[in-house]
Amino acid sequence: MSPRKTPALTSTHIVYAVVLVTIAVGAVLVGSAGRNFFSTGNISDILTGTSVLGFIAIGQTLVILVGSLDLSVPYVISLSSLVAATVMANETGNILPGVLAALALAAAIGLANGLIVSGLKVHGFIATLGMGLIISGYLASNYKGSAGQTPLAFRLIGATGIGPVPVSTLIMLACAGAVLLLLNRSRLGSHMFAVGGDLTVARMSGIKTRVPVIAAHVLCSVLAGLAGLLLAARLGVGSPTIGSQGGYDLLSIAAVVLGGTLLAGGKGSLVGTLGGVLIFAMMDNIMSVLQINPFLKDVVRGVVIVAAVAVYARRRTLGRPARFSDTTGPAGPPDTRPERIQKDTGVTA
Amino acid sequence: TTDSSIEDPPSAEAEPAATEAAPAESTDEWFDQAVYDTQDEQRSATFEGDPAQPHLQYLAGDMTDTAAFASEGAKKVCFANASISNPWRQTGWITMNEQLKALQDSGVVSEMETRDAQDDDNTQISDIDYFISEGNCDAFIISPNSTAALTPAVERACETGKPVVVFDRGVETDCATSFIHPIGGFAWGIDTAEFLSGKLQEGDKVVALRILPGVDVLEQRWAAAERLFEENGIEAVDYFTGADPTEIKKIIADELATGDVQGVWMDAGDGAVAAIEAFEDAGADLPVMTGEDELSFLRKWEETGLDAMAPVYSNFQWRTPLLALEKIFAGEEVPAEWVLPQSPITEEDRGEFLEANEGMPDGHYAKFGGEDLPGYPTVWQERQIP
Amino acid sequence: MDNDVDSPAGSEAVLRAAGLSKSFFGVPVLSNADLTLFPGQVHGLVGENGAGKSTLMKLLAGVHQRDSGTIEIAGQAVDFSHPTQAHAAGLSTVFQEFNLLPERSVAENIFLGREPRRGILTDTRTMQARTSELLAELGVSSIRPGSPVSSLSVAQQQIVEIAKAISYDARIISMDEPTAALAGPEVELLYEIIRRLTSRGVAVLYVSHRLKEIFDLCDIITVLKDGQVVGCHPASELDDAALVRLMVGRPISAYFPDIEPGTAVGEVVLRAEKCGNDQLDSIDLSLRTGEIVGVAGLQGSGRTELLEALFGAAPFTRGTMELSGVRYAGRSPREAVRRGIALITEDRKSEGLSLNQSILDNALSVVRSVFPSRNRKARAGIPAMFSSLEVGARDLSQEVQYLSGGNQQKVVLAKWLAVNPRVVLLDEPTRGIDVGAKLAVYQLMRSLAANGAAILMVSSEIPEVLGMADRILVLRDGRIAGTAPPESTEEEVLALAAGVRADQEASQ
Amino acid sequence: MSAHPTARAESGSTRQPLSRNRSSRGERLLRFLRTPGGAVFVLLLALLAAVIAANPSFGEPGSLIRFLGRTAPIAIAAIGQYFVIASGEFDLSMGSVVTAQVIIAGNLIGQDESRAIPVLLLMLVFGAFVGFLNGCVTTLLGVPSFIVTLGTMLALLGLVMYWTGGAATGNPADSFRQIGRGGIPDVPVVEVIPYPLIILVVVAGAAFWLMRRPFGRTLLAAGDNPRAAALAGTPVWWVKTRAFMLSSLAATAAGIILVGYAGVHPSVGRGYEFTAITAVVLGGVVLGGGRGWVLSAAAGAFSLELLFTLLNFLGVQSTWRDSVQGLIIIVAVAVAAQTWQRKRRGAPPAASQVPPPQPGTAG
């Protein structure tokens, strides 16, 4: 129907273009340091870097889609690693109870977050900041340093790989697949988009608006719990600080936004988020190989986050296809018009 | 593929740690009478080696035979660092790099590749694994971010058959060629608590300013001190400050608003000056106090004429790992557990240290031990971090 | 109540509401209202802005809970606490505000909350197929079920809303100003849809401020005034004048006020030559002091773009403009406001008002951001301005979100009056407001003209353009298709707008 | 203005025309106290009473004034953060700005008193510049401020640490530190009036004045609906950028006070952004912009500090303090949210929006 259907360049495309650029730059830089960017060890290092942040960013994507945030993830991670490790207490037979206990607790925290956000109408920022503080106090009061021990069979998860691909990354990708299906092919998923997009519309359509919010929070916490389990497998013990050490709260939000999800909710892509996570992991890898001063690493991270988001944040100001252009003469009447024009709020000088 | 090392059953050493570390309500959880007694003795023990080079001194004990490592040529060292996120680590890191230059000049070390984990256990595990698979390392130096969590990774490094030197915090395995550390937290606790108890009366109040919970090195300091305060009938209340002077000042101000405070105890010197200033600002009598050998504290101490002492968590230990590797590659035996001296700075020798460190920034540590290294003193004065 | 409507022969009332009352913050908005709907009939609901029409609909739909009264559907007393319960009982509503998610597809929007499933997954194919059927049933082929709603025009979005309401298989459909965003052909389409519905025995409750539509469509008309039913008559018994009298409680002598004495068309204030951007081309126009120029055109012909370009919100990239003989670049709204241009936007909620701010703050927003030095003086004049505009509100500190549509529009007008503009651009200034408020807007335009302002007014209601303008620019596909004199007929303007007489431009 | 034309609608409309300018003062106060922005003052008084009950000596004027003095920096930061939040944005870079300024003061002033003034000016310029950068990237490049300021937070702290090697040379000259440490001595009743308190009063006064100025009202309008504001001729980018600049300048002021109060240390200022945002939200300011009163933000900061003090006095085990703080924040904001809700829904909280029981089609 449409005479000139411009192939829409979505933010996900751009994210993966950035991924490619990062790979290219990484290959050159790592090569210049006398290393091989594509060696097994290096790829495995990068992918390992994606798995923990990946779990959290998947969950964070859900929470951001419904218009909330989760700043409590670091503490859920720590708690889950501790619960798992202490329940397992180095007994292979306790693996299942340990995993279940950790995930159940994570789910309960997510439930509480969800109820506070959707029921008490507390902004997700505050609700989860508060919840994070509550858990952090609990951790500090009850766990002095690392605790418990995960059995060998469980630790294998953190140390096994198929070729250069760690099992943990595969599990993370499997979770991503499941969540992708949930988002795009289930009622709950549609309702998450709806609630994040416009609460009134969702309510008017008969959606129980609390359900998607609560579900997103529960899933986010459970995914953080999984990240905690993975860390318990890698560390061999539970640790009360492992979550906050990684700074996963802000980093995961940055990865989600980098992946093209609207911070305000209602629009976004999980695939993009994975791209964002990959960019971070590669960036860390490259900077470590180059032995960049750790303080400067943060500078680079900060600049890259902003610059990358800026690339496609500008794109959203595009309007509908032009009817007339400055150079050519009149064109035929367009019969498609994507997107109501969203002009700059700022006034151009 | 599966990392071969992980298939080994966890080493026997890990077992007691697991049970010991289970969450417990008791505040004594970190207290270990045997270790306490050992460290108490070590405080007054005589160290082998030249006192002019404290970073090479050690306590007599088991030695690791390193004949197998003896070889010619400059070696590549891989260093997995926990972080340089506090002034103590920064000072040490500068010293270590100067030591590196010296060893590069003498042809012992060709290069040192460093990965900094930025305080994250998980990153440090990846760093070590990366070194194992990609680093072409001839030797490993590891400054673990935490004890239990890094144990498996250190074991994997050991399995490469290359020398592994662990320093500062330990791990729960003795596979390392050498584990370098000053006497330890209990000794710190004993030094400080005995000093304060000696100066204070029974029933006096001590405010204990602690950085954060859950770090073994720090927890042991408090475990020992708390016990001694209790024994001596001194009332001690402890706070976590995150090393933030603002927080410290508020805590002291609130304490002074509630009643008198006769002593201040710190598990690390960060922010000691703020604690003293809180007394000054409130117009209260200055307390008896223990801080650390950070210059800011020594300077304030001298200026105010405070009754104080500065325990030391010997910063010069950052030189030792590289020197240990020099010995190892020369085939000389090294202590399996290399205990470095750790003697507090007292009223008597304070002036001496202040003089020796003139021109150094406030965040510098008096016992950094790098006076004989090439960049001295500019590198430390300008705090050039590579 | 003079509820003198008999039930049509043989049919039972499908909805019977009696004594409905509702107050917000103790302010009664609806008191003791009765309403009866019969199958196959269109029931018109009219009244001034703020009369309580939307509130009545929301009570029926279960969006708001009534304070008192009873509602029966097919003889059964009902008490909805949520719109879905109303849907289940066979009542669906097209609300005044859009209820669509712009980022989601048409099909997803229509089936939101009741997506068909196969197993645990959503059955996207069925959903799209059913959407296509639904749209075909409405006689619409230009909307694809898979395209995101944000890619649709306002009119198309309105059609999606209607499709959604119909998809519930409702016995009763209420529509709150469904044509507010529609122009000629789409309105025809809607008529068609409504007739098809009533022929199936559906009862329709219809709210509109366009009296023509009310008379075209409705069988029975209920008039609300200040929250009370002041009349319920068969449409055949009423005419325009009678209806307006009921609504306003006063006679309206002339619908469009005459030009004020002393109004003189003077020299050119704003001139544009060969202007264009990616939506407009070859725009030549000149506006004179004291003149009201109308802009007509079909949906999407670029009328809004024209105003936005003149105002610098979506600037021209070609051509030159002059304001009172001095070059005017038109790069930003700020420049435009500085130079004395005002733009009353089409969509007051998203472009005209800060809904959480007070009436006073909104009214002063232009003064404060562009002429801060005049703030104090402007502030002093506000109360007088509001009482002359007859804004119905508690006080000036009330947040504008709680005002009805017409009163909100008056706040928008007030914020521009406060800076005394030389050129006033109005985009659909009377959309969705009642006759009384419309009249106020017309009079305001007249007196602005009398005071020497130049006025450019866009409207989809051609009678309004004909009634008010001194001359009419007709836009087609981003160009000025021609100028029509005020004596033209509606048909002539439409023909120009649709390009019937002009040679069709072939679209590739 | 006087000549503005008005509509002359014909004769006696039955609608009550808007004649009243404002409600009466008492009515307004009562209405205000029922909003979250007003309720925080009630919370403040309640906490104060509780603290004094727990430790009567805190109620002495001398103690109170010292408390006010030491809370000044966080209150100033909250006021700065208020501008940004009211404009619909976030400023996460605040903590890093504080740290950076503290270290700049330590390193550039050193013991040389003559440098105090030039460095002070430099710090102000630097603060304004950081805010300007945040604002421009947010508004002109369209990057969400959460991300922009997160980036600034990382980059700024990293740069400062890199520059100083992690630790400052030392505290700046004592005369400079007097700004944060000293006060007007020998005042009757209260003993001293700390300079930080004076700075706070000035800042709060200026903020209050600013919010009543066209700038303040425009800021709220732009936070509420930036598109409408832009079409009203507001240079939205500049309004928001100024909000960011005010925020960074407030962080600078907080840094200047803190370097005096606490001295130089890289952890001074850590977490300030979250504390400030918490304080602002506690003050009833709505995240997302367009609502809230600037002094309520300062009151929120005082409430938060009083809460910490109360916990200290009650001898709550220090590891549990985080938990109590988290709980209180959630409860306070939940209560506030319920109040807004009720206000919005109109009248008594009778009709709660019940989720639909058994919607026919959803299964």
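Going by the order they are written in, the chains are A, B, C and D; count residues from 1 in each one.
Rule of thumb we're sticking to: contacts are C-beta pairs under 8 Å (C-beta built on N, C-alpha and C of every residue); 3 or more make two chains touch, one makes a residue touch a chain.
Note that this is a predicted model, so its numbers are computed, not measured.
S.K.: Please name the chain that ends up farthest from chain A once chain centres are defined by their CA atoms averaged.
M.R.: Chain C.
S.K.: Would you kindly tell me how far, in whole Å, the mean C-alpha position of chain D lies from that of chain C?
M.R.: Distance between chain centres: 40 Å.
S.K.: If you average the Cα atoms of chain A and of chain B to get two centres, how far apart are those centres in Å?
M.R.: 36
S.K.: Among the residues of chain A, which ones contact at least 2 other chains?
M.R.: Residues 140, 203, 206, 293, 295, 297, 343, 347.
S.K.: Give me the residues of chain C that touch two or more other chains.
M.R.: In chain C, residues 82-84, 87, 113-114, 313, 332-334 touch at least two other chains, as defined above.
S.K.: Please output the residue numbers of chain B that touch at least 2 other chains, ranges allowed.
M.R.: Counting only residues that touch two or more other chains, chain B contributes 84-85, 213, 240, 385.
S.K.: Following the definition at the start, I'd like every touching pair of chains, please.
M.R.: Here the touching pairs of chains are A-B, A-C, A-D, B-D, C-D.
S.K.: Where on chain A does chain C make contact in their complex?
M.R.: Within the complex, chain A touches chain C at residues 3, 181, 185-187, 189-191, 193-194, 197-198, 200-207, 266-267, 319-320, 322-326, 330-333, 335-341, 343, 347-349.
S.K.: What part of chain C is in contact with chain D in the complex they form?
M.R.: The touching residues are 23-26, 48, 50, 64-65, 81-85, 87-88, 113-114, 225-226, 249-250, 252-253, 311, 313, 332-334, 336-338, 343, 345, 350-357, 359, 361-362, 364-370, 372, 374-375, 377-378, 381, 383, 385-397, 415, 417-418, 420, 436, 439-441, 443-444, 447-448, 450-451.
S.K.: Chain B touches which residues of chain A in the complex?
M.R.: Interface residues on chain A, with respect to chain B: 35, 39-42, 44-45, 48-49, 52, 82, 86, 89-90, 140, 142-149, 152, 155-156, 159-163, 231, 234-237, 239-242, 245-246, 284, 288, 291, 293-295, 297.
S.K.: Can you check the complex and tell me which residues of chain B touch chain A?
M.R.: 1-3, 6-7, 9-10, 14-15, 17-18, 21-25, 29-30, 83-85, 113-116, 118-123, 125-127, 129-130, 133-134, 145-149, 151-152, 213-216, 219, 240, 385-386
S.K.: For a test of understanding, state which residues of chain D touch chain C in their complex under the given definition.
M.R.: By the definition above, chain D touches chain C via 1-23, 28, 213-215, 217-218, 220-222, 224-225, 227-235, 239, 290-291, 346-347, 350-351, 353-362.
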